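Take a look at this one; I'll ask things after.
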């Protein structure tokens, strides 16, 4: 399993592996939204928590199809399925690798983008906390979606469509944490719910994903 | 060339071809943003033009990698490059097919989503007009980006990074048309500039794209 | 002797080896003199106080960020038209340097904006177009890294640079159209007009500018030579394996 | 350590393609599957590997004893030859990367990225993976595609060594591998004529 | 209608792999390329097809006379067999889809989606594309991969008919195609020893 983790990280860091691109995309969105919406600081500050969370979500989303599709195309997924590691474990490891190369950098960079969107001062800590808590859920849920569409060629758009609705609760609670935090209100409830979603997703979804993979390999 | 157009449209309409997915993604975004941002009508109405345009742009973006990558992977691009139709023409046709299955449906559906986002009444006509004028530019520019990254496996994220900055002028003028239109102001200048960008992109970019493709096939 | 001789990697390396020992110390010297002069021996501004001294880092970095992209554009065109490897590698070498200058301009601008405008960031057209420039740099570098074959990567990034430049200019106009800004206009070229830059700031700024140009040249030469060596190494290695 | 197949029926795309298959493969034995294109060799091998369920019949093999080599090689283009192999060795908890490289004549190419291999070199690397899997039963789907004559002979020798060490192999191939001791199994008589009973999760239930 | 190659050097990955190649292919003639894995057959064929530039030397062929069949078949999985062929026929402005299907024994599979073909059936469809291209010079890269014996014979007959009709073919293959009249070209003597001059767009400029 560790070999798999190391391989996936190495692949991500190699040329064309896409490490850091999620980050760049996140930055891009933070630039595009004001370009579309307009430059007034007040409006931006109001929508900043939501936009930052939606941005993180989309950046995650765009890298999801690499989780399994590459392995499926070159036949390694067949081989992994017959290898002596349980497929559930392999799925969990792949979701972890995805988080390490996407969710983690996103979380660390988010406060910087908060500046661009005029996020109020108290919001930064909660932005970090909510993303740190929430992005693992994004990766697990995303891995499940990726497992579902692994047989579809270039199914990026389909994947988005399947995964985005599943992301809704995470998004709502995550953005709520930041919004309340930025307004100086109590964030206990949404934070607890966010944590619950993440734990639940990490614990249960690998089984569903492995099942979906087995079905797709058939 | 017409055969190519028909084939591309047929592929898009077949199972797994992704027709309609761009639309669904657009719809999803229009739902997600209020979820993240919060439900107040005033804020939403203010950001609606920008969000709709960014949404259309992202929906376009996500389907870009299908333009050439599928053909590259299965070897048809090699064959097209040696076929008796000029590669520039093939590129233009493929961008046209992309527009027909993505940009056009997006344009037609956008007013509906305007309702979801409380777009002011005068804005609808301009939303339609600006998208109808602007989405062809999105497809041509996107085809250029797709041609650049065609050799990169699952390069969706890289593609976004390359293409989104190129989308900036289109986005700004497009959103500006809707914003001004919704506010009842004069839209002549941004509309003219949008048209200029679209015409320029459609005329010049197929050559750059064909060049990039030839380089990638080497 | 034609200018194109320097397109030969060997010749270029030799020349670079001779030029570097001149340019690098010049860069260090000018920057040291300019910055020390600027930071410690200029008066404080009556409005802006000591913060005005950020100008000595901010303006040169901002100018070089743009100039680096222009240099990359020229080098890319040379590569596309005449296929001289050195120019492709020079473009590649300049990109990270230009990106760092962009980042410096953005960061110093942000530090300056805090006391001056009361926010770290404002969607002023000049600031916004710098952010967009940063995105162009990021995309360019990402494409270089994603494509493995060096000649293919050079070709693709060359095309991207040319097309990107057109769109960068377009974006600049679009952004101006989108928002009227806070950022002050360029005054450094307006010597003799009304409201010129105070001479007390002018000369140290010029020294800093010379320093940063020299720094850019030195860094690009150094990086280009490194790229040439890496490329040569790869060829030698591949050939040994082939035998 | 035996692979025993009894009365197996396999399906693809919801249609039964082969039925009534039965054979037993003892350690040290090899079975060569013959049959025209489209008869169902790939489908059979995938079923044996446990990647898809059979329609009927039983497959009994010791757990985790099967290594499958498909049409696709499962190589990562951006990893080097050694890295590719070392990963599979780590997954299977075996060593012997060096030996596998040497056996498939890849030592000179060891630091080349897989993307820069020719078709035949890729195939050799795909086959080297079998050696580091440490599994006794090999299921090979047209293993010699793109290999030149020398490499085919090399591969024949590898298979023979595997058999001599007590392994077994089922090989679908159209060409002669130079394994005279192997049994031949022609699949033509087993082609399904559509008389399989309706069964669990199977389209014929709708007939 | 002749393919003439003079003093050709071809490169892959920035390294010269073959040099000093020269041959002429008259109408009705076939050339079989032989050589170990990795010698550069694919590289040579891609260069001849105009997909990559040669390092040195000249290739002269009438414009738009070359049809290339690579390792990959260029099939669209979601289109049917007939639709796949009809597309290429339309692109090349030819007819004869029916005839091509009949020649490659695909008539029974005509309405099957390409995704549901077996490896050998896919290959047959890939080769049928040559027939509708209407081009005289065929460049074939291991055309018989995954084909069974009957299909190889079928394909041999198709090539022979093409030659008889005044076409020409360059075929890289490791197996015997049953074309005794074809010339053989062993590439081994042309393997590059790295003495090509620095040239336009080429890594050796760095040495």
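We call the chains A, B, C, D and E, going by the order they appear; numbering starts again at 1 in every chain.
The definition used in the following text is that a residue touches a chain if its C-beta (ideal position, glycine included) is under 8 Å from a C-beta of that chain, and two chains touch if they have at least 3 such contacts.
Every value quoted in this text rests on a predicted model; they were computed, and no experiment measured them.
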item	value
Set of chains adjacent to chain A and to chain E	B, C, D
Top chain pair, ranked by number of contacting C-beta pairs	A-B
Length of the line joining the C-alpha centres of chain C and chain D, rounded to whole Å	56
Whole-Å gap separating chain A and chain B, where each centre is the average of the chain's CA atoms	24
Separation of chain B from chain C, taking each centre as the mean of its C-alpha atoms, in whole Å	32
Centre-to-centre distance between chain E and chain B (centres being mean Cα positions), rounded to whole Å	37
Touching two or more other chains - residue numbers and ranges from chain B	16, 73, 152-153, 155, 158, 161, 164-165, 168, 172, 218
Per-residue overlap in chain D, given as positions that touch at least 2 other chains	71, 77-78
Multi-partner residues of chain C (each touching 2 or more other chains)	132, 135, 138-139, 142, 146-148, 175, 178
Touching residues (chain side chain B, partner chain C) in the complex	144, 148-149, 151-152, 155, 158, 161-162, 164-166, 168-169, 172-173, 176, 189-190, 193, 197, 205, 208, 211-212, 215-216, 218
Chain B residues within the chain A interface of the complex	16, 18, 21-22, 24-25, 28, 32-33, 35-38, 43, 46-47, 49-51, 53-54, 57-59, 62-63, 65-66, 69-70, 73, 152-158, 160-161, 164-165, 167-168, 171-172, 175, 179
Interface residues, chain E side, partner chain D - complex	13, 35-38, 40, 42, 71, 116-121, 123-124, 142, 145-152, 174-175
Residues of chain E that touch chain C when the two form their complex	13-15, 17, 192, 194, 200-201, 203-207
Complex contact set, residues of chain E against chain B	49-53, 64, 66-68, 70-79, 83, 87-88, 90-93, 129
